[in-house]
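Two complexes, one shared chain (chain A), two partners (chain B, chain C).
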Partner chain A sequence: MNEKAMRKSRWITTVFLIIIIGITYLSAMITKFNFIDGIATLPKALSWIFANLWITQETWERLPAILGKLNETIFMSIAATTLAAIISLFLGLMGSKTTKVNNVFSMLARLIASFSRNIPVVAWSLILLISFGQNSLTGFLALFVGTLGFLTRAFIESIDEASQSAVEALQATGATYAQIVNKAVIPQSLPQMLSWILFMIETNIRSATLVGILTGTGIGYTFDLYYKSLNYNAVALVTFTIVIAVIIIELISNRIRKVIL
Partner chain B sequence: MEILRGGAQPKQTYIKRTRTGRINIKAGNKVELVTKWTIAMLSVLTIMAFFFFDYTGLQLERAITETAYNLKTMFLEPTLSHFSWGEAFYQIGITVGLGILATVIGAIIALFLAFLAAENLSKPWISKTVRVVVAFIRAVPTVLWVLIFAIAAGLGSEAAVLGMLFHSIAYLVKAFSESFEEVDPGILDAMRATGSNWWHMVTHGVLPSTFTYLLSWTFLRFEINFGVAVAMGAAAGAGGIGFELFMASGFYFDLREVGFITYAILIIAIFLEIVSTQLKNRYFPAATKN
Partner chain C sequence: MSLLQVNNLGKSYNSETQVLKDVNFTVETGEFVSVIGPSGAGKSTLLRCINRMVEINEGKVIFNNSDVGSLKKKDLRKLRTDIGMVFQHYNLVPRLTVIENVLHGRFGYKTTLQGVLGRFSEEEKEQAFFLLQKLGIEEHAYKRCDQLSGGQQQRVGICRALIQDPKLILCDEPIASLDPNSSKVIMDHLKSITNELGITCLVNLHQVEVAQGYSDRIIGLRKGEIVFDGKSALLREEQINHIYGTERRELITV
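Moving on to the complex of A and B:
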């Protein structure tokens, strides 16, 4: 790199940093975020957490009820992910360049995916809550719609990546569409897809907490109840069980991923 | 013959044998087995899930027709009734602002932690400790962080940004430290040979060669943080367009306004997605999983 180019790149970096600082300052103004307050809050908040968020003896009695709700949440996210994966597989096959039937279906599949992915899960859960009411199905459907969009995009990418030459080879032998998909596309992209499904289950358990707070289902609702009744020891216990559940599921799926990828 | 036997010899070692020394004649392998089991387990758990669900107050048929009608009202007749266009833009600005603040501050903190987490720039025990802490932080959902901070700091942008920071840092530390670990070890060796200290290695060796990656990862996180900011507005009272969405659907039951807000969020989200897809294709053509 010569001197001139180096100076230019340094100049660009400087301008870039100034723009970022400007944008940050602007966002701080608009959100009324005070940096000094923010920094001052941190030690205060942390010391509050260490002082109050302890699991006491009596809160352990609530454990069975909490675990029941956690169970519901985990099942909700697994069911939402698995069912979304089945439909995403079809949408992915429609949307991918190598396996699409025609351009209209391909566009349609991509459009459905983009629509369900980019409308946030919050909006879906609020919309569904109005008519489905406060039960597990609302949370399930909200997670399902968001997962559908995300997995379709991921599946389209995995199918595009994996199967070009095998598909061509099978086409040359005169294989039917179903044969091509069954023997070439799915075997090649299955490990990648499974890895995405596992990733989505992990993500969904965390989102399920959020959806639960909004729709009054599962562990999110339990958290919200204790939070609003200022029972911070129970809040700590709920948080603790969620952390354990998420870590266990992460460990299991890392194990599976190590074998299949 | 000699050649043939010689060629066949090393293959013997690849034959799978059971513990007793017999040749394993079962079809399939471990990968296939694990794949099959994973799919089977997921299917069983999914079916079980529908028996565990709590269906209180559900009238499925009515709910579906109502939702269809609601969706039609939302998406075909979006209007604003409780606030003006100017207010709408301001609220969107707040949400985007929260996302930017959490991303920028998170990126700065994550940069330093990533130096500690990268195996080629730090000691093994430090890098391991940072990774364990990050894994723990990731396990607590963002909304819980925000709500917990809201107790101590009061509702407002401080609690929201601090709560969102945790996950941004966790995500970016992982991404940044992986980029650092991919730096050509030759560069670091050459700098070490000239006697440069750790700080020189970072500023002149590691940062210049990873700068574009760091920026792309930061932008990818911003895309996520926008969605998170909407969610925090709705669930944790952090303000912005998410809070308006919550009010419109939960308090006013104004589906047309919900439709308008959803469109506003959709437009920004799609714009961010297009930009980040371009970044991904340009800088990370291979896998881009988090």
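Moving on to the complex of A and C:
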């Protein structure tokens, strides 16, 4: 019985693999993407990168300005994530099976979550660009909306997973909703939630660059400016600072995670 | 008047299956009653109808002279402070300390704000320590619950129920996740709660032998109906077979 099931699952895996290979081949054909050609251009691309993307002496002078923009971007990401986290906490409590107040709010919370999550952040930037124009509010909102959906979804799962049984026990003692949320749900799921928030800050700093290119804000705008003026040395420096910043943020959040989990 | 009266209780979660059918029994103050029956018989459901963790569909549950089914939200909270509950999986907040978990049992007596701020009186704290001592886990008071063994966690669960100062304690398979030694410790504690403190216990159990060894009275549930209700000594092989049907024979042969 068990072996049969296992053999069946192995069979399914093989079928899937074949299907995936088939689809890859098909899509390559449709888009006229040639693997051989693609690989052949690689050395050329690399040599271009090494030839042009150098950080030269004079570009270092631009560093303070770049760092200023980078700072702005990082803080915008953090601000967008934190604000989204606060609202997601409420939506998460409403959406979770364990802590929902009624089905209408629960549905609403889940709807908002899936709506904002299933539209990519780039699409949000473009949508918001039309209504708000090219300014930092647009970038902020794009990150905010995308984060809201993701965090709500993650919080709903954290709450359900972490505190279902304790919630039941506290309901049975006659505790009120606010007592249950504050003394059982939050203490139990907070570390997991903080971990998701840190993850989202990391993600948002990365997406902020792309969003910035589209909405004309922060480091993305700087990148775009240098890129369009063919100042590839400065582009290299901008890229370099972004990479360093992302690595530092990741190190910090890993450290925080270790402490809280 | 009996402490608990269940009259013609019926319950179904969906239109297809009736989980409880015309259940009738009474429990007197100071009784230790076990509910046995095969998996899916409706034991957990029955217990949860008594403190209305699930809604009652038909019939009445009268606890301490109040009709459980018709209580408004606030009165239901009040009623629940009189009924402690002990769970198979302990249902503690694992990241919080033992003493915090025990004090959770007092929330029903507090205003929302007092509870949220964690304001507990000296007497309440003393009582919590007294109970921990009584169940032999006072040295773990400041440990996080997830560092405790199953048996110890269950004792925390019992302390949380006791600090409610309840008239009745409902136990849903309190020893189903424990080894024989811890099981005995837990059952001995539950028994002494009834004997020493006069608190009534209604316990769901899987093990017939344990039910026979500890309870004054046994209720046998099969497919949502009571098929046995009487003194433990009257439960013979014949009745056990009737309660468990063929399922029990299968259990033994496997």
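Note that in this section the second predicted complex is superposed on the first by the 244 of 261 C-alpha atoms of A that agree within 3 Å, B and C clash if a C-alpha of one lies under 4 Å from a C-alpha of the other, contacts with A are read in each partner's own complex, and residues count from 1 in each chain.
Methods note: a residue touches a chain if its C-beta (ideal position, glycine included) is under 8 Å from a C-beta of that chain, and two chains touch if they have at least 3 such contacts.
All figures in this text were calculated on a predicted structure; none of them were measured in a lab.
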item: First (chain B), second (chain C), both or neither touched by A:Phe33; value: first
item: Touching partner for A:Ala175 - first (chain B), second (chain C), both, neither; value: second
item: Partner chain in contact with A:Gln134 - chain B first, chain C second, else both or neither; value: first
item: Which of chain B and chain C A:Thr41 touches, first, second, both or neither; value: first
item: Chain A residues touched by each partner, larger count belonging to chain B or chain C; value: B
item: First (chain B), second (chain C), both or neither touched by A:Thr209; value: first
item: First (chain B), second (chain C), both or neither touched by A:Asn231; value: neither
item: Common ground on chain A, meaning residues reached by chain C in one complex and by chain B in the other; value: 191
item: Chain C residues within the chain A interface of the complex; value: 51, 53, 76-81, 83-85, 87, 89-96, 100, 104-105, 107-110, 112, 115-116, 118, 157, 160, 164
item: Residues of chain A that touch chain B when the two form their complex; value: 13, 20, 23-24, 26-28, 30-34, 37-38, 41-42, 44-45, 48-49, 53, 71-72, 75-76, 78-79, 81-83, 114-115, 117-123, 126-137, 140, 190-191, 194-199, 206-207, 209-210, 213-214, 217, 220, 223, 227, 232, 235, 239, 242-243, 246-247, 250, 256, 259-260
item: List of chain A residues in touch with chain C within their complex; value: 163, 165-166, 168-176, 178-179, 182-184, 187-188, 191
item: Contact footprint of chain A on chain B as seen in their complex; value: 30-31, 34-35, 38-39, 42-43, 45-46, 48-50, 52-58, 60, 62-63, 66-67, 70-71, 74, 90, 93-94, 96-98, 100-101, 104-105, 135-136, 138-144, 147-149, 151-153, 156-159, 161-162, 211, 227, 230-231, 234-235, 239-240, 242, 245-246, 249-250, 253, 255, 258, 261-262, 265-266, 269-270, 273, 289-290
